[in-house]
């Protein structure tokens, strides 16, 4: 891609993320921070609080999912068009505990028509060691008029 | 099953749910209520608050997932043994909004060895109409010593 | 639904299945038989041959999937409009062996806009005992002009 | 990893693949060729024949899945221990047609305890252009005594 287009795509992704975050009480309320944003990609962090712990003494899977889902949402909306989650799958590899800092790194796997696929890896750092907590795969769909730079998606 | 065994299984499921709920800050903190519990089944409710709304003005998918995941957890732990989520998939059918009362109804599809499969239907009632919001399928796995009534699972 | 409409829907499903089957070299070539068909539902059978066995001495997962996928295809096309598989997930519960007669029973879980969700249970009968072999969940999407009886789907 | 160990791992993967293939009537019968094998990875090819075409005039999803599933099987068995598919998900991106040469490239995403996760990309080359046909994610599980080089897996 021409350098000017790359810069424009990056600026659009950043502006879009700022707009989304400002309106997203859920993401802010859970203490998520946007670490990085790029066209098709997003990295978010969240510290596990006492309110996120379940009956097994570990982070409730719903909060791990929510972090991955937010990273996915920022990534699939980064191209400009409104995209929503259609289907998501998550595999839990290891438990996370209170105080752990979770990081969710979303990358774009595919875009076809109005559809997108994104992989999100959730890791936790504790005592200087980073472990994989969950692997997430999300399918997105552009809604409304698809006026993104990819042209008239219609699948 | 003999009636005495049925009653025992129901009592175990209820006692287990009460114990789980007492220790589960996440489920309580999100305002979830356990509506019904039975061996292999659980129904939970949650009202969507302003803190659960995302940038699209609709309930963040993470909270819908969290409700389904909690119903799944209560169902797969209802037999006595400690079970955790291994893999979950969710399909979003319609958005939910602030004030909607979500209901997640978990039922047991399969149990084989230490594994279980549970389907959860999430519905919302607004203005007297109930719509399906999401379909969730969870895979659980019994951890530790599997001393449940099904005998020595070891798959 | 009015009885006349029910009969019309059943006739459409049967005519559609006959048309699909006549054109479907894959389904016929694998020896699948359509046992039952109805609006949103289909049951197919297949005997596991020596050509379907893998290195573990059990039926290759691809053939179990293919049977479930065909049952799903007959079910999601039973309403008249052309529908294709978008996303499928399968969980294997038990192995199947040469000579086992597999049955895949597809039922409709949801239809929303152009999308559909179908659950398929694959069972095997051997020595008079029927076991569950796999649980399959398929997501379909209507392609082309959606002139089915559900009206103008456009999601 | 020490070079000697790398060579040993590669030799084990190749020997394992040769043994699996020799016993796998299904993979051979479908005309699959093993293009490449390495610890945790496998690439298989298959030409779509007239017997694989469904009622839509395109390759039956079951055969696309079967190719991906075989690549997944070769990859997850490459470490020496017997591993079987537990859960697989596939997303179809574009149709494939008779005469297309499909390639399935499996790579290892995670190994934890007896569990593994593998991503498989299925592409088709026709008229010199390679397109992605499907994205597959498989979960494997080691069965029997887990005497692989990773040590005593027991999750």
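When the chains are written out, they are named A, B, C and D in that same order, and each has its own residue count from 1.
By definition in this document, a contact is a pair of C-beta atoms (placed from the backbone, for glycine too) under 8 Å apart; a residue touches a chain by one contact, two chains touch by 3 or more.
All values reported here derive from a predicted model rather than from experimental measurement.
*Asks:* Tell me which chain's centre, taken as the mean of its C-alpha atoms, is farthest from chain C.
*Replies:* Greatest centre separation from chain C goes to chain A.
*Asks:* Among B-D, A-B or A-D, which chain pair copies the contacts of B-C, with over half of them the same by residue number?
*Replies:* Interface equivalent to B-C, from the options B-D, A-B or A-D: A-D.
*Asks:* Can you check how far apart chain A and chain C are, centre to centre, with Cα atoms defining each centre and the answer in Å?
*Replies:* Computed from C-alpha means, the inter-chain centre distance equals 34 Å.
*Asks:* How many angstrom lie between the centres of chain A and chain D, each centre taken as the mean Cα position?
*Replies:* 28
*Asks:* Just give me the whole-number Å value for how far the CA centre of chain C lies from that of chain D.
*Replies:* 24
*Asks:* Where in chain B do residues touch two or more other chains at once?
*Replies:* Those would be 87, 89, 91, 139.
*Asks:* In their complex, what parts of chain C are in touch with chain B?
*Replies:* 89, 91, 93-94, 109-110, 112, 117, 132, 135, 137, 139
*Asks:* For chain B, which residues count as touching chain D in their complex?
*Replies:* 87, 89, 139
*Asks:* Of all residues in chain D, which touch chain C in the complex?
*Replies:* 19-27, 29-30, 50-57, 59-63, 65-67, 69-70, 73, 82, 84-92, 95
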